[in-house]
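Right after this note come the structures.
Look for subunit A in each of the two complexes below; its partner is subunit B in the first and subunit C in the second.
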Partner chain A sequence: MWLLASLLLAFAPHTLRLPLAVSALCLLFGLWRFSIERRTTTTLPHRLTLTLLLCTTLVIVYLHYGTLLGRDAGISLLATMLALKLLEMRSVRDYIVVIFLGYFLAITLVLYNQTLPMAAYMIVVAFMLTATLVNLNQQPKNRSITLNVKLTAKLFAQALPLMLILFFLFPRIPGPLWSLPDDAHSGTTGISESMSMGSISNLSQSNAIAFRVAFDDEVIENNLSYWRGPVLWQTDGKNWLRGTSQATQSNVSYRPKGKPISYTVTLEPHHQKWLYGLDLPATVPAGATLNRDFQLLTPSKINELKRYRLTSYSEYETGSLTADEMQRALQLPLNKNHRAQALGQQWRQQLREPEAVVQQALQYFNQQPFTYTLQPPLLGNNPVDEFLFNTQQGFCEHYAASFTVLMRAAGIPARIVTGYQGGDFNPVGNYLIVRQRDAHAWAEVWLSGKGWVRIDPTAAVAPERIALGAETLFSELFNRPSTIQFNNAFLANHWLKLRYGWDSLNNSWNQWVIGYDALKQSQLLSRFGIDSIKQMAIVMAAAIISIMTILLLLSTHRNRKQRDSISLAYQHFCQKLASIGLPRLPHEGPVDFTQRIIHARPDLEPQVTQINELYIALKYRPRHTQQQIKILQRQVRQLKL
Partner chain B sequence: MSQSAPSLSTTAVNSPQNSALLTQTLSSMSRVILGKEETLRLALTCLMARGHLLIEDQPGVGKTTLSHLLARVLGLDFQRIQFTSDMLPADILGVSVYDQNSARFKFHPGPIFAQLVLADEVNRATPKAQSALLEAMEEQQVTTEGERHLLPSPFFVIATQNPSSQVGTFPLPESQLDRFLMRLEMGYPDQAHEKELLKGRDRREVLKDLEATITPSQLLAIQQQVPQVHVSDALIDYLQAILSFSRQSPYYLHGLSPRAGIAMLRCAQAWAMLNDRDHLLPEDIQAILPATTNHRLQPSAEFSGMDKDEAISHLLTVPLD
Partner chain C sequence: MKYLPPSIEQLAARFFNVERRSGNSRDNSVTLTRRRIYILPTYYGLLFSMLLMLLLVGATNYNNSLGFVLTFLLASVGLVSILHTYRNLHHLKVSAGKAKATFCGATASFQLLLENPGKNRRNTICVRFKGQLPAAINLSPNETTEIKLTTPATQRGWQPLEKITVDTIYPLGLFRAWTHVSLPKSCLVYPRPATQALPPISTGDGTGKSSPQNGGDDFIGFRSYQPGDSPRHVNWKAAAHSEALLTKRFGGNESDEQWFEWASLQGLDTESRLSQLCRWIIDAEQRGHHYGLRLPSSTIQPGQGGDHQHRCLKLLALFDRP
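And now, the complex of A and B:
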């Protein structure tokens, strides 16, 4: 019963990901076994039935994933095989195999989720499984549950120092330990290399954390908090892409103004080949490069938590454009969005100056009845026209895209920058949290003498989005506990504190547990003078051996103490008898002594025999319990002479 | 967990069949040799602990009868070797004879190739013949002319010895004595039993009527279970106290060897098993202590006048805990 319960626990989080049929099958097999245990069905299924079931599950898994290999398919197989194994558990060995498979199933949870709650959950699962194992190995069957739980807790406490040693000292391999198959990273959210109208507003429903930033000095103001991601140049009128640049990577420089801002970013894995930096990054973290779009690129995908330091300048002046860039910054599809293109050309003819055109466009967004909404209506083939002149409801990418189209039509080089804007400041941990819902798109126009200038058309429509962040604006939409309307301001305040505290805890977990990589390990260990792997191994072995020794000594000490309490009780017994003239001779064994007592005092026979039997059981027989010692002590105390 | 999980328990030491077998054997034996219950028990213990037995006493107190008796009730095949002063090793171990038909040497096994061997009056033979026997006992095999011949199993030697004060004997040296697990003395029967003995039938005839109560394979199984009798740490401490007392006390020339310690432990375990217990008690060690130590301990020069029994009694006073 315990086994089934703990396996169910290990399996439960997987049900969210596994195909429905697989989950259902596993539960079915579990129920089957349950009924066998309950004696409602008596016999285990025949070998042939099992083989048929196995083939069925293989087919189901293959049909669903198209393969039997890989992470998801592998785990489905593991789960179903484990459930099938339940149906052929006969010997103790089978039970043990199932329990160890259960541990393995629990470990696979980490392949999906490495957060603090999951760690806590896994401890619970491991505890249950271990308790089951303990119960299985107990000699008198069906001992009380509390005893088993106590023993399991003891085992866990003993394993804890070993776990810490292995965590700190076991050599870390830079990069992932094994390369996960590609499907490990599918279905993840984040900004991608392309944009279409509506893609970011989908993202904005997500509360997932994109990255956290700790500033060296002051936190940056919200309206300067633009985190630069991919820059999009090329459009077919509907979708925006990065396009291919012919420019070489050299000559990436700009003239910074103002004072530098230094900060540390902890980026959650987003499975793309770039990093986010505050507009505009001036330094480049090790291993990354800065391209001409001022985007930080990495050679490989960010598949694990990454921590890096950066310095940025929020005021800057970029240099001139190459001919290629000029051409790409003006590219527009010919046969789409005619009205928007006409409007742009008209403005340029009226106003001449590019700065004036930009102002005109922003005024247009501000004065026309544009609204900022997370749920814009669907747009058709000429989305910019439809948005500008019909629906007039949109999210940041609608504004950024239509603004860029208007500028290009007016002959002003323009491009879209995607990334994040804003973030919540966590006063508990003193850092900024940037979430997926802070994803944003804005535009940049190139003005001679100024270089690229950031223009955020969303600010013209909904300035509070920029000043306060997305959450404030859409609080009704983010259906989260934080937005429960608290009537009591005091309560609300505490709720907020609790939330920030929780995130701060998560942040520390990420920084110190998940983020404890090869680099951090070598930094930490070199502080203690451990430099090579060899030394590490020696220290690890020494630490493990010393801990084992300490535990062993503790347990023998305990045994001795137990032995002492048995001897003390017996000594007490001997003293009582000596007081009536029957001292035990120093070399006299308990049986001989008992016989002598009974010979001298036949009236004492029942009590003395009982004490003698208990003493022999405690002292000379293999197994005894704490309770037996208590009985011996009580009986000696109650002995009346 | 589930109620259907099978038990993990090990094979039980001292199963009821074993204790019934042993009780039956003992009662058969005490019908032939009267009034020597303790000696019979010790002899059986020695056999169960896979040791060899040395019986030392005057002629005619039943040494040979005891050997015959053991062979009979245990269903072992039996050989008797009468040791004499002109005996050669080949007379015990066997000899290789040239066989003309096959043009090869052929080994003819000697009398030692039996499950129970009675080496009668072992101290009459020369040391050369004695050591041939003792080496075979120790190795459980015979090596002649580079060929190994395994002795049967179980293999049990009972050697008898007349007290060395008699004329024309070669007493076994101490190192050889150590190879015997136990040394027993038969002693004279008490009056009541002697009367019964004199009035009753010839012992040899009583012996012939006896049936074997244990098969050799059952005996082997029992021998294998002896080391599984549980010995608690407290008893190991007690045994060590006895050993270190023998090494430190002024009474003895040499202390007890580690081999003697192992011998005592095995005997005590067999004794516990014979008494139908799966665990050892201090009384078990005390019961087998005289028989396992009296041939291993020599009184020191200062105490040369000390009686053997007195010497052992000092060991028995080693305090328990």
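And now, the complex of A and C:
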């Protein structure tokens, strides 16, 4: 029963991820076994039936995934095998195999989700499986759930310090050991290498954390908090891509102005090959490069939590454009968005100066009845035209894309920058939290003498988006408890504190548990003077041995015979007599012993008799006082032989 | 409960030279201490460590910290379970109790006392002779439990208590702690009673009467079955109804005093003579006769009763034995 419950628990989070047929089959098998346990069905299925069922599930899994390998298919297989094994569980051996497979299922849980609640969930699953294992190793008649749960709790409590030592000191090898199957990191959201209208507004529903930033000095103001991601140049009128640059990586520089801002970013894995930095990053973290778009690139995908330090300048002046860049920054598909292109050209002819055209465009967004919405209407083949002249409802990518199209039509080099904007400050942990819903797109235009200038057309439509952040603006849209409108300011305040506290906890969790990898381990341990894997292993072994020894001493000292002060006094008495050649024989009771002493040494009679009487009284009568024990001890001490 | 097949244990025994070190106690009790308790993983323990390796590889491959957490948690639980397994035997006191005399061919049963002197509960401790199926017991704090171990009695004389295996795989079944205990306890094994009683050539004290044992044709009643009774005399019909076997008694002429003599059984080898004498003694005791025993080495004056029977049978059991 316990086994089934714990397996169900281990399986539950997978049910929606796995193919429907697989989930249904597993649950069916579990139910089957349950009815066997309940005695409603008594017979276990025949071997042939099992083989047939196995083949069926293999086919289902193969049809669904096109392979039997990889993470998702592997988990499907594991789950179905486990469920099938349930149907042929007979001996203790089978049960143990199932429990071990259950542990395996437990670890697959965290391949998808490494949050704090999932960790707790996983430990509960492991706990229940272990309790089942304890139960199996008891005689059937002595199986007591309370005792077993207590014992398991004790095992886990004692295992905790050992686990911590292993976790922090076990030499980590930077993975992966072999190339991971393609599906290893599917299903995660974040900004991608391309943008189409509607792609970022999808992200805006997500509360997931993109990264956290701890500033060395003070937190940057919200309207400067632009976190630079991919820069998009190439468009077919609908979609925006990075395009191919012919520029070499060499000449990446700009003239910084103002104060440098230093900070540390903890980036959640987003499975892309870049980092986010505040506009514009000046330093480059180890292993990364800064390209001509001022984007920080990494050689491999960020598949685990990454922490890096950066310095940025929020005011800057970039240099000139290459011919290639100029051409890419003006590229427009000829056959699309004619009205927008016409409008851009018209502005340029009227106003001449690029700065004036930029101003005109921003005014246009501001004065026309544009609205900023999370649910923009769907757009057709000429999305910019439709947006600018018909629907006029859009999210940041609509504004950024239309603005860029207008600029390019007016002959002003322009490009789209995607990334994040804003974030909420966590006063508990003193850091900025940037979430997926803070994803943003803005434009950059190149003006001679100034270089690339950031223009955020969204600010023209909804300035509060930039000033206050996405959450405040859309709070009524997010149906989350975190934004329930509290009438009571006191409650609201505490709710906020609780939320920040929780996030702060998550941040520490990420820093110390999830983000603890080979690199961080060597950093941490070198602070304690542990530099090599060999030293690590030695320290780990020493720590484990000492903890085991302590636990051993603690757990076995209660095993010894408990000697009270009465017995000790009597033992002392026996030792004294043994020293004069009258040892107490093993079978001798105190009375016999006394008689033998008196027989051998009549001179000792009064004292020995007294001691004997006192001892018997103290030992076998229910009530005695401390005073009597003291008398016994004194008499033994004063016994002269 | 499945137990470790012997191979690991045997290897370990060879490796640690368990035979040599296993404790022989002059005392009738042994307290299991550090030096006596051996501990090694069971097959499930090895399987478990393989599982851990797989989990470790998986966690490394996916760089999954929670995977490491689970792996290390399970590894630690496994390590801690060693202590629990060890503690389960540590300071357990095993002492030999009574061993009731038995007949050769029957089972010798030894009483063993297991004492838990400490404050911890002990669970699922198995005590057995080598190669036997285990009987598991639990001990509450300060509890003493008595168990009986049986083994076939194969030879008359003193049958020493064989080496006892005390082991446990509690709590997780991943490790097995065991020890071998030898206690200087013996069980007296009487000779195998002859199935067919020859008419005793007994020399009465002047009456000169000899009485055939069970030789009379008159059925005089039932008594409970004793080893050595002829199967033909067992009341099988009654045995079908109850668990106890009954032997039909046939009585003939009674005599007051009989002498069973070694010398009267000419032409038989030593063991057959002893068996025959044993049979006579049992039967005479059963009938309430007075009987005496005369062996080449010693003589027991006629008497009657349990103690007398025991003295006679013991003399037979130890005939020609040190």
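By definition in this document, the second predicted complex is superposed on the first by the 554 of 641 C-alpha atoms of A that agree within 3 Å, B and C clash if a C-alpha of one lies under 4 Å from a C-alpha of the other, contacts with A are read in each partner's own complex, and residues count from 1 in each chain.
Note that in this section contacts are C-beta pairs under 8 Å (C-beta built on N, C-alpha and C of every residue); 3 or more make two chains touch, one makes a residue touch a chain.
No experiment lies behind these values; they were computed from the predicted model shown.
By the touch criterion stated above, A:592 is placed in contact with subunit B alone, subunit C being left untouched.
In the superposition on chain A, contact is made by A:136 with both subunit B and subunit C.
By the touch criterion defined above, A:92 reaches both subunit B and subunit C. In the superposed model, A:79 makes contact with neither subunit B nor subunit C. The partner of subunit A that touches more of its residues, comparing subunit B with subunit C, is C.
Of the two partner chains placed by the overlay, only subunit C lies in contact with A:114; subunit B stays clear of it.
Of the two partner chains placed by superposition, A:53 touches none, neither subunit B nor subunit C.
The contact surfaces that subunit B and subunit C form on subunit A in the two complexes overlap at residues 91-92, 136-137, 139, 142, 586. Chain contact summary for the complex, subunit A toward subunit B: residues 1-3, 37, 91-92, 95, 132, 135-137, 139, 141-142, 563, 567, 586-592, 616, 619-622. Listed in rising order, the residues of subunit B touching subunit A in the complex are 1-9, 230, 232-235, 278-283, 286, 316-321.
Contacts from subunit C toward subunit A in the complex involve residues 1-2, 27, 44, 47-48, 51, 54-55, 57-77, 79-84, 86-87, 90-91, 117-120, 123-124, 136, 138, 169-173. The residues of subunit A lying in touch with subunit C in their complex are 91-93, 96, 100, 103-104, 106-107, 110-111, 114, 118-119, 122-123, 126, 130, 133-134, 136-139, 142, 151, 155-156, 158-160, 162-163, 166-167, 170, 172-178, 180, 184, 303-304, 513-517, 544, 548, 551-552, 555-556, 558-562, 586.
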